[in-house]
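In the two assemblies presented below, subunit A is common to both, partnered first by subunit B and then by subunit C.
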Partner chain A sequence: MVALINPFQELYVTESYLDGGAEKFVNGFSPVIVKHALSIFQPGNVILKGLPGSGKSMLLNLLRPDTRIAYHKLGVPFPVPATYSKFIGAGINLNRSVADSFGQRPFSSDSEINKELTPLYFADFINCWLVHDIFSTVLTFQKECSGNLCDEIGITRDINLVNAAAISLSKDDCWFGYFEEPVASAEDFLSRLSKRITTYRSFVKRNINDIPKTIATTKTDTGIPITKTVQHLRDNHAISPLVQAYVRIDQYEELAWLDEVQPHGPVFQEVIHRFLGLRDARVSYRIGTRKFAWAQTPKMFGTSASLENGRTHKEITIDEVLLRHENRKSWIFPDFAEDIFMRRAKGAGYQNPEIAKSLLSYAFGTSLTPEHKVQTYVRSKTPPDKILKFEKDWPESWNDYLREIAKSDLLSATLGSAWVRQRGKGKIVHENKFPNDPPWAEKVWWKKERYPLTLMQIASRNQQQLQWSGKEEILALSGGNILAFLSLCQHIWDVWLRFMRDAPVASANLPEIEPSVQTIGIQESSQEWFEKIAEAEHGDYRRQRFIRYLGELFYKKLIDDVAMSNPGHNGFSVRVDELDQHPGVKTFLNTLEDYGDLVGMKHTSKTKGEKRWKWYLNPILSPYFNIFQVHTKEPYYVYVKDISGWMEKTNPTLSSSASASE
Partner chain B sequence: MHKMINYRPWGKLEWVFSNLPDEKYYFVGCVGTEDRCVTAYEELTKKQKVSGQSFVEVLDVPSDYSGTASTKRQGNLAKLKSNGISEGDVTQINLLSCEEDIIVWIEEFVQKDSRLVIDISSLPKRFFFPAIRLLLKQDSIHDLLVTYTIPMSYHHGNIAERPSEWRALPLFGPETHPEPKYEVAAIGVGFLPFGLPDLLKSDFLGAKPHLFFPFPASPSTYFKTWEFVRQIESSLPLSSDDQLVRINGMDPSDAFDHICWLTEQNTKKALFAPYGPKPMSLGMAIYATLTESPVFYTQPRVYHPDYSIGVRCKDGRPEVYTYCLKLGGRNLFQI
Partner chain C sequence: MNNSSVEMKVQKWADEHAAKGEIGRRDSVKKVLHQLNFLQEKLYYQYEPSLPPNPSYLKRLADWLDNMASEEDQKLAFELASKLFFVGRDEIRAMYRTAYWGPIMRWLITSQNFPINNPNLSVQLESCIQTTWFCPITDSMKINEFLHVNDIRNEINHRPDWQSLAKFGDPEKVRSYIERRGIKRIVLLEDFIATGTQASKAIKFAADLCSTAPIPVLVVPLVLCPQAMDTFNEMKLPQHVTIEPVLQLEKHHFILGAGAENTPAFNHFKKLAEQTYLQVTNGIPPCNDKPYGPLGFRNTGGLIILSTNTPDNTLPLIHWHSSTWSPLFPRHSRV
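Take a look at the complex of A and B:
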């Protein structure tokens, strides 16, 4: 008897680098994505933007020493090309390190002095933390693995050289005499840095009354000790001159929320910008953030200068890398998802069939054709009149014509009932004789653009839920987000295991899961995704209420559109210049996009030269609202006042504060 | 030598006070939207046990509920005034105010009396955790009691909204660097995990999660607490039996002792996520204070004005529990 488990039970194996060891990371990480984000492994500052769950943390985790060591120990080739793999990684999590708690307790009773001191101490704390982490990384590589990996990266095997680097660094002017008492070794240097870090945290925690004078008089300049650290490591041959230092700054975006609890959040962001603004070739910074949490021209602390994309840093939007564009061949997400699926299935002990080219196709099959879907929505005994919705003034002869078509092709008959409702097409119903081949039969594109809407209307008229299954639909519902893909797989597998609970299991072969089972799993996943809008970290019922309103609005518009004139009204579009005049509404829409509730994209307007932007629901929410996720034809054209109206109906307080900001 | 048995008296307010010396206490409470925020003070003033008082009126982030919340707070303030408090006894502080504002309020009452009762029924964790910490550390306080009132019912819908990011509660951040390796993550099971499942992926630093499940759960809360567990499991499967433990949700002593057992008397380092009932969270606050352990939470920005309704009564008396933390200068909770 083989115990069946869900390979997707744990969603985050490539992010929980410390939970259960880095081994899980090595086995779960898909190298498919690396070549599309090589800038992360090249010198220069990088801002990695993306939705929650898009894979930012997964990619940045490759910079961690424990990840690198795990690859080495397991004998798995490191997924970064050798040309770019000579680096050491260090980092700080601004929240977990308590850096963002600076400002919760004033450093001075004089508010003006405190305003000046707080960002300086914040910068000094980060300097100390990162210098400590860079040295720790070098020592970890020396201790944890045989010399081969050190040689591969360009780190000395000789501890004396690292000690020499620490001693010379401690004498550097950048510390303003803090290490007055001579440092004996790298370990000694680190323990004294730790003491300084602990002192700061004791102050925040009110276990001491003041910052000691030894620290107050030796505050370091933003970023300088970090570049000096790399220089001293190189000068003392502790690392090769070719070794790059990549420094992660995690939870940068959380600083934006700090102004709720203390007044220094924006200043702290400016300090972080200053680190990047140093543009020192010895150290490159990496920041993962949501798309709109990174300002267009981020100001730097203590200067009037701003950061500039392309000059001070490079911005990569991971969602754009993974989202499907016009050309399907350039879409990398299917290969990425396929690889992760294979790794998860293998890791859970499932035997993969050798014959299958695509395991995703094997397990989930291909998505049902529109004709097949009709059969799942309407049984043969269902009277066609229930589906076709005749108009009162249509002659019975026309109705009979559609009924006849429906006997063999209900999809075509339903399309026909919409066709004659369109402008200029209605005369046909009064003709004496109807053609054998209906006029819409040859309109290939007209039909294709309306299949999703036709299926939705057929399902609705027969009180059925939309069916979702097959590799293509699962990939489409994932919307290029790997967490959404894993969530869909998790729920499908859960439902399959429930269905299988009484069945004898002879082997652990990868299952071929029935479309009906997939549909239930997908609907459960979609519902959970909708609930997470309010309940996840940064969840917000205001966003959830708005999305619910929008989903229900789209559903009603699509169902009521019996002429199928607007098969693209599962999204909305607004003029960019009008939106720019209403920053409150724009910010709200950006927030919805930032958390992945909506997907926004440029829209080529039907009016020549007009700049528009359009939004659709996150595809994974489509099953919850029982609407299709395909983007076809023109979205619903709206004005900002329409969007304000939706906000007013769902969130009166939010709506009034948005108006106040305009 | 035998370890001294540490008896920590707790029970119904009438019973605890009837067994304590006949003294008066300084009372610390909260002017909230819940009916129960008034009860402990009312009971103690009736018994003439109050020497003075300090209340905090916690103001939510503006929301669609602000109007209702304000009206309900005013109603409760009027009731408290009819029991003897004055405007000067109330300090208004925003829910997400700077930690300094909260600490200043706490430090004001810490010095008031050597005997103090703090009512945590309606005090948000951002307030009562640092208060407990500072009160336990204050040598001048000889007798420290905590009260907690059981409501008649909880709101059926969403009781809290818009969680903040995962961060340490005031005065409960990590201190030493490098941090010790955390082996135990004690999570109080409550109504809403508020992003906790997602956070388990990386912010628990490899610590093994142990869910403290309040038991016996009342029928009205049973579904919500199991849904909490389900959501955690969807991110991080629980692999061993000891990862889901039943704890008396009304007994901080039970929670404290279980933590001591899990951590082998602080031999294993622990961190905490107090999402469960307040008395259970109180046990965590005490342990974390004594061991300098970090406590993390995703503080909601908005509470529903009907978070809880009414006060549960038994034998015609409101159900108010009282817990003794310090008596006669002795801390009853020790590692």
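Take a look at the complex of A and C:
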């Protein structure tokens, strides 16, 4: 008897993995994605955009020194190619460092002066923190590793060179004389910098009354001490000139939420932009953020200039890297998911079968064909009339014709019942004789585009929910989001374990999970995903109500479409120019997209030259609403007033505020 | 896949609701499944009459639902399963502590007129404990566990159950023991009192014990049903007897005989209990013998399960075993 565990119980492989032991991180991290995001490991500022759970933090964690050391200690090759691996990483978590608490306490009783001072102190705090972290990183590499890793990166083994760098940096005029008393060593430098950082934290937490004069008169320029740090390290040969310094700024988007409690959030973001605006080759910044939390033209503090994609920084959207495009062969997500699946299963003690090429296929099988799915929805004893839904004015001879087809091919018969309802095709029902091969049989694309809708209607007419199973469907429902994939696996495994609760288990071989079990797990995962819209961090019942309305609207439209004229109405499309005139609606849709409730994409309109944008529900929500996730044919064409109407029905206050802003 | 039948059954119901566009009902039935799964793991496994090798809760649930012939009744029974009030081991222990630090301490302080700001209060209370006789009303109350949990130590070693004492005991011997041990007061505890029929005899025995110099009695039911409170009120107990429950249930926690007082859902459950009764009992109609009637002993209509046993005031369709009925929480009954 072997006690089985769920390999997907813990969804995130981020900080908690590092805190819980380096080995866990190294074994759990999938290197598959690294080669598609190499910009992160090359000089230049990078904004890494993506949905929550898309893998941003996971990638940025590779910049952390403790990650690098973990790989080294375990003898596992570092997943970044050697050409790009000569770097030191430092970073600040704006939330944990309490940088985001600046502004909760005024630096001056005069509100105007305070408005000027707060961003300056904020910038100085970040400067100090990052300089401290860069030096700490160098010292950590020296202390924690044998010389090999230092040589590999290009860090000196000689502590005297690091001390010399600290001493010369302390004399740099970037500190405006803060280190008047001579610094003795790197440790001494760090301890005095720590004191300055602690003083700020004490002030913010109201443990001291004032910012001491020694700090108030030595506020540093945004980003300058950081570039100087790298320069002094290089000049003193503490690091090789080839070593890059990559600086992570975590929780950047949380600054936007500060706006609700104090007015400095946007200004703090402008300060962060200023760091990037320095465009100094010695230091490159890395910021992970949701797609729309990063403005199109981010303003910089103290200047009228803005950041510009391609000039001051490079923007990478991880969702686009992982989302499936036209060419399936270039889709990297399946390999990524496969690798993570293998690592998780192995980590949980499951023995993987050696014969299987794909463990995902082994555990979940391949997705069922439409013909097979029909068999799961309808048993042979079910009368075909229940499924085919005849019109009252159809002659019995035509109905018999469909009944006959249904005996061997219910899918085709159901398609036929829709075919004759389409414009110009209804005459056939009154003919005396019907062809052996029905006219829609040869319409390959017409049929293919309608299979998902046909299955949905068949399932509904026989009181079934849609079935979901197999590797392909699980990957499709994940929508290129690794968190969604892990969540699906987690729930499937949970259901499987529930089913196996009292069954004796002889071995810990990787299971082959039945489609019916997968379906239940997938539905439960979908339900959780829907509930999370309102309940997770920054969750919002307004977003959830809107998504519920939309899901139910799509369901009704698709089920009522007995002619199957609009098999693509599981999404909607709107003209771009019309949307641009209604910023309130646009912002709301962007927010839904930003949190992954909706997936937005360009839409080639049926009207030539017309620019449109279309949205679908996040694929993982499809099982919850019992609608298919495949995008086929034209989506539902709507006007902004339709969307406003949906907003009005679900969130009256939101709709009126959106109108007011327009 | 031994335990999949409930899962598959519920999945079928969920499918049917979803196909009708009833997402709320679908979610609700799935939530009940998750709730029962959760409670099985955290709570229901403690049910003593069904400890291994007896079937697990989910197996019993599957068999119990299969008692019902129609799918509609199965759905109703499934919903009923989620309305049961299960008092687990930890909850009982928590009530032991609450009984001691709540009703018992309050009674000691008020009856002795101790000022609560007196720095020596704890010493005074400890002295009172030495002269307090803690006893169970019936043998279902585990008095030793109560004493252990609250770390109560005194020299009064005999702790008989007062139901037996009332039936077989000699009041003179009891009075003599009280005198010899210097007992100044009696605390009678019981884990669950539904109608008060059994408990009232024991309480009366204690109340009448010393007619010339009445000894104060505190009765502490851990869980008390409203019918029992009515019984005690009718008894017109003397002033030296106090009833102070830890948890007093309300009328709306029960399926009542008068349909008008029930919620619509409870009336559905009542109807289910009535229409399945003869199947539950294998043909025995309601009478004065076990299991009495569709709503249990004295028509209580209880939905309560203790981890130690199910009271006979709970609906028989929950606990009664016969050749035509598999119970959800089989009651361990005195034959």
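In the analysis below, the second predicted complex is superposed on the first by the 658 of 662 C-alpha atoms of A that agree within 3 Å, B and C clash if a C-alpha of one lies under 4 Å from a C-alpha of the other, contacts with A are read in each partner's own complex, and residues count from 1 in each chain.
By our rule, contacts are C-beta pairs under 8 Å (C-beta built on N, C-alpha and C of every residue); 3 or more make two chains touch, one makes a residue touch a chain.
Everything quoted here is computed from the prediction, not taken from an experiment.
Judged by the touch definition given at the top, the superposed model places A:204 against subunit B, while subunit C stays out of reach. In the superposition on chain A, A:495 makes contact with subunit C only, while subunit B stays out of contact range. By the touch criterion stated above, A:432 is placed in contact with neither subunit B nor subunit C.
The partner that reaches more residues of subunit A, of the two candidates subunit B and subunit C, is B. In the superposed pair of complexes, A:626 makes contact with subunit C only, with no contact to subunit B.
Contacts of A:106 after superposition: subunit B is touched, whereas subunit C is not reached. Judged by the touch definition given at the top, the superposed model places A:607 against neither subunit B nor subunit C. Look at A:459: by the touch rule set out above, it reaches subunit C but stays clear of subunit B.
Listing the residues of subunit C that touch subunit A in their complex gives 1-4, 7-8, 11, 14-16, 18-21, 23, 26-27, 30, 34, 37, 56, 58-59.
Residues 9-12, 15-20, 52, 57, 95-96, 98, 100-101, 103-106, 132, 194, 197-198, 201-202, 204-207, 251, 254, 257, 260-263, 490, 528, 534-542, 651-653, 657 of subunit A are the ones touching subunit B in the complex. Note for the complex: subunit A touches subunit C at residues 459-465, 495, 498-503, 516, 519-520, 523-524, 527, 552, 555-556, 559, 624-626. Contact residues on subunit B toward subunit A in their complex (touch as defined above): 61-64, 66, 96-100, 103, 158, 161-168, 170-178, 192-195, 198-206, 234-237, 298, 301.
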